[in-house]
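Both of the next two complexes hold chain A, though its partner changes from chain B to chain C.
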Partner chain A sequence: MFKHLFKLIWNKRKQNFLFLSEILISFLVTFAVFSYLTYYYQNYSRPLGFDYNRVWSITYDNGQLPKNQDSLSTFYDNLNKSLKAMPQIEATAFSSNNYPYSDSFMSTGLTQNGKKFNYVSNFIVGADYQKVWQVKLLEGRWFLPEDVVTKDKGVIINETLKDQMFGKGKATGKFIGDFDDKNKLKVIGVVQDIKSNGDFSPIGNSIFIRLDTGYLKWTGTLLLKVRETADATFESKLYKFMATSTHGAVEIKHVDEMRDSRNEVTIIPMVIFIIIASFLIINVALGLFGVLWYNINKRKGEIGLRRAIGASGNLVSYQLVLESIILATISLIVGCFFAVQFPLLNVYNVPSSVYLIAMLLSVLFIYLLVFACSLYPGKQAAAIHPAIALHEE
Partner chain B sequence: MIRLQNIEKVYRTDTVETLAINGINLDIAKGEFLSIMGPSGCGKSTLLNIMGLLDEPSKGLIKIDDTDISKFSDQQLAKFRNQKLGFIFQSYHLINDLQVLDNVELPLLYRTSSAKERKMLASEALEKVGLSNRLKHFPTQLSGGQRQRVAIARAIVGNPQIILADEPTGNLDSAMGNEIMDILINLNKNEGTTIVMVTHDESMAHKTHRLVRLFDGSQVQ
Partner chain C sequence: MFKNYFKIAIAVLKRRKFFTFISLFGISFTLTILMVSTAFMDKVLSPDYPDYKRERSLYITGIEIRNSKEGWMNSSNLSMYFLNHYVSTLKNVQKMGISSSAKPSNAYVNNKKLVIEYKYTNADYWNVLEYKFLEGKPFSQKEIDNAELIAVISKQTKEAYFGDEKSVVGKYISADNINYRVIGVVENVSKTLQNLSGDMYLPYTIAKENHNNTDVMGSYNAVLLAKSTADVPKMKMEFDQMMKKVPIPKDFDKIYCNADPFFTTVTRRLGGNSTDGAVTKVVSLVTGFVLLFLLLPTINLVNINITRIMERSSEIGVRKAFGASSKTLVYQFIVENMILTLLGGFIGLILSLLIIYLINGANLVSNMHLSMNFTVLFYSLLACLFFGLISGVYPAWRMSKLNVVKALKA
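Now for the complex of A and B:
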């Protein structure tokens, strides 16, 4: 029966062109949607790598601060001590502007054994950065005060970068080169990957460099881990304190709110895309339903004949559903040929698994759609009275 | 072979009730070639459909090969039609998208037979109707007479005991009609196939063993 149906479909390929095209387009649309969703789901399912709760960021105007490096260093030490003395504050850390959810990016290049690693997120961080974010150390240690005077500049890298550079072996104590491999950096620790650009963002390579006195003049961000007792009154008090201390504009943000707005940047287009794709799929489903319905009306004589020569109603229904499935398979083979180019050509630098999962889900979805759309017309075909169908023809 | 007892067929709509067949009793013996005649709308095709189990009578009993088919399910009826009956239609009812050989194989698809066996039986059937040189043609590439011969091959490929022919020569000129009639007569004579044929053509009807005339759904001869 399968061979017979395939022969019938092949001989009617011109008439089936519309159906085949509809399935192909639907597959490509669902493949795009599922690639999008799989990519974000895979990112979402990875651990965040830090705790954003009760973390506040304070950005301030550093234009009014002392220009002299020593004076500036003393100013920051005093500021830090004053803040830590506040009972509502658990930990403080100065940071470059690209802290999690800040929507600010800073990257650098690294070298290891002659191999270049580009677009590595570069976090310049204060000593208590780990305490503020609760970043998990996987090996080695975090920065210590004595690191300032050590001969080798210590850096901390994330797990992904460590795996790429050193595989499964230990990274602590090993050296890596900076962008042009002129200066050597000693790996002193490895931290768990962090998703600093939102829950749906991919994990890239990251390096943490200790914020030294030379960087202080560029510093304009202070991160605080506050205690539960930190309320609006405290925030107001803190604002006044910072404004007085820095003699300029101050902005306090709650990182959990920043996270929500950062996630919205991903979620809103995703929802819009899904809605548009759903409408498209509904239209395609109605189209398929219409094409099948039309085909059945056009093939009433054939259906009547098949009933007369030995096909039961169920068999007629089964045949029509199977025909649709075979047609869908032809379209899916063509669609998969196009889809498989994405992982092969590494389009958009997305992991191959995203495209392969999306392909699988799209194939299942299309089969389900075609099955659902052909079920009712198939049932109607089974109900066609053979005597009437043969007479009409 | 076929026994019809007090067969009635009524078509009902919301407002009208039409009696298409009115109390027909008919016994058709094994190996008999019977023709049914009558004016248009007298119920000939309806009676043939009832005999072919394509339509249910409103009343009465049908027995084919001593089997009462009134309690048969859709599946049982389909199987029965496939194994016992062959159909020939005025408009051939060939599938234009399939080659001649595939068209003839159709009834065998609903049986458990191998592709090789199907091909062999279909080729044999086509040889019987003189079309062994047209296996790979499509129906649209054939003349009316050739198409009807393909339809006959399809009807006989499963070796049925009964062939029901609904105006098999109706769309053909007299020469072609005679050719088709000769094939049916030979089938009846050589294979012992029971044939029931509806026709408008008096000369064709006279070539059969027995003629039944219908008028307004009733048997008049």
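Now for the complex of A and C:
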């Protein structure tokens, strides 16, 4: 049976060539779409790791603040006290400007047993950072006031980095080297991964370092966890307070709104991409349907003859559907050859599982498409009456 | 002759409605996407409000210093010192418009928050760029020297802050706890013009920064205007000469700064770096992407066209038997396909107008207003003809090869 079908396909190789190339390209398009979607779905399905509700960020211009380190420290202490005295504020923390959803990235390098880890997100955070974001600790503890005086600089790392550095074992109490392995940092805790760059962003390595007095002059970001009573009136009061204290430009942002706009950056291109891809697919489906339909109409004589010598209608439509499926298989084999290069060559630094899932999905999708497009023409062929078909001949 | 082809084409289209639908669907959809992207590119690339003198201008957006041994790199916008001390001495620069990159700040009106992006500018900024003043006027050198607290605001800010008051010149707007006197209101600028769009424009002398700083890095961008288009290459050369003399900051050994024509600023941002403008790279990438996108609909159309031709084999057989040459037949078929494509293009045009209307309504990019102008229409027509040609040639060639006897027998 298969041998016979191959012979039929081979006899019409010129006509089938275009059909094959169309399926091949559709496969590559669907592969691209599914890789894209799988990648974002995998990221989306991971837990967020923190709570963004009722968190406000204040960015301020630090150019007018005292230059002297001691008076700057006093200034920040006073500011912190006045803010905490406001009944609407639950917790406050100063931070480097790469807080979640800020679209700003700061990285550092780390070494562990001679192995270098580059592009580790470097969050420089105030003492109450955990209270503001409700980050979950997996082991160890968060920064304590007495950490300032201890000999070793304490750091907190995230789960992904811990798994890469220490595997399944505990990390608390162990030492890691900084970017050129000259200074040692002591791990005092491990936190759950946080998706700091939007719901669809991948999780990278990150490290949390305590914001010390030396860094104060670089700080320009204050994070607040507010209570439910904080409304617009309070916000404008807070704004006036900050602007008078810092003598500079101040901006207050609500982190939940920033999250929406961060997600939009991913979602809008995704929607445009899906719309374009689905129109292309509809286009191809209609085209395939048309070509198959026409081909079958042209083969009326052959089909009539088969019916006349005893083939049932089902067998005839089975043959036609199978022929299309075999054609699709040939294209898919070529397509998979190209597609498999992506995980092999590790293009774009995306996990291989994304490409493999996408390949599987697109193979299934193309089979479904070809099957659906050949079903109706096959049915029609089965309905051909041998007497009429042969009469025309 | 042509009239006959047209009649035949219409007759063929009417014969198999399903195939006609498939072809038109594919063509119009493909062209819609091309048209909308052309409209977007046109918006970004062609001279647009308030930047009409692009032919005569060069843009400086950033400076980069490097330590090539250690691999350090530091890049940012420029300082006022750099622009005033070095760039303004160039002979070919007729005028220089300077503005800081937009910074957001908040204002509160009736307990509603308003985000105001403000920019500091110099006096010539208003001469280089042609902002449309709905009321009032720009600030002058004298007001800048006096460091007066005055502001030019955009129409959008006016409406958000003052509501539907008729005239707001002379009124005060409070941002960052400072009251600025409004002296002018300008038409909104599209957010696609990153370096020019803002909600509030202030004299640069009231910026809270150290004016005696001799650093080359700061927060300003500049537009250099030459006397004529012919002077632009001279101005660029002079600028590059000047850059060789700029002292390199301590700890670094290389300094890069480019005065680019507008198109290069876009390609440099997309795919280049401080040493590579990446014009060819970006153009070839975009072309490659468009061709790749066209591939699928083209193959689909070729497939359908071949099917339709085979259906017409008896007609072709008869024509051939009566002496029509292959060339005539190929020509006829390509014309027919062009007619089909143009018809699809027309539907595509209507769809694009609809999509552009929707995009403008949704205000996806703040203040961006896409439009169908003659440039866009011209490129769309070009795209139609190109698409029609490439999808028609192969089927026509296949048809001309048809054997007369076989064709007539079917």
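Convention: the second predicted complex is superposed on the first by the 388 of 393 C-alpha atoms of A that agree within 3 Å, B and C clash if a C-alpha of one lies under 4 Å from a C-alpha of the other, contacts with A are read in each partner's own complex, and residues count from 1 in each chain.
Basically, a contact is a pair of C-beta atoms (placed from the backbone, for glycine too) under 8 Å apart; a residue touches a chain by one contact, two chains touch by 3 or more.
Keep in mind it's a predicted model, so treat the numbers as computed, not measured.
Participant: So, does A:Ser312 touch the first partner chain B, the second partner chain C, both, or neither?
Facilitator: first
Participant: Regarding the shared-chain residue A:Val334, is it in contact with chain B (first), chain C (second), both, or neither?
Facilitator: In the superposed model, A:Val334 contacts neither chain B nor chain C.
Participant: In the superposed model, which partner reaches more residues of chain A, chain B or chain C?
Facilitator: C
Participant: May I ask you to decide whether A:Lys12 touches chain B, chain C, both, or neither, giving the answer as first, second, both or neither?
Facilitator: A:Lys12 sits against chain B, while chain C stays out of touch.
Participant: Report for A:Lys3: first if it touches chain B alone, second if chain C alone, otherwise both or neither.
Facilitator: In the superposition, A:Lys3 contacts chain B only.
Participant: Identify the overlap between the chain B-contacting and the chain C-contacting residues of chain A.
Facilitator: none
Participant: Going by the contact rule at the top, pick out the chain C residues touching chain A in the complex.
Facilitator: 18-19, 21-22, 25-26, 29-30, 33, 103-106, 108, 111-113, 115, 176-177, 208-209, 295-297, 299-304, 306-307, 310-311, 364
Participant: Could you list, by residue number, the parts of chain A that touch chain B in their complex?
Facilitator: 1, 3-4, 7-8, 11-12, 301-302, 304-315, 385-387, 390-391, 393
Participant: For the complex, which residues does chain A have touching chain C?
Facilitator: Going through chain A, the ones touching chain C are 15, 18-19, 21-22, 25-26, 29, 61, 63-64, 231-233, 235-236, 239-240, 243-244, 247-252, 268, 276, 279-280, 282-284, 286-287, 290-291, 294-295, 298.
Participant: State the interface residues of chain B toward chain A in the complex, per the touch definition above.
Facilitator: That would be residues 45-46, 49, 52, 54-55, 74-75, 77-79, 81-83, 87, 89, 91, 93, 95, 97-98, 102, 105-107, 109-111, 115, 154, 158 of chain B.
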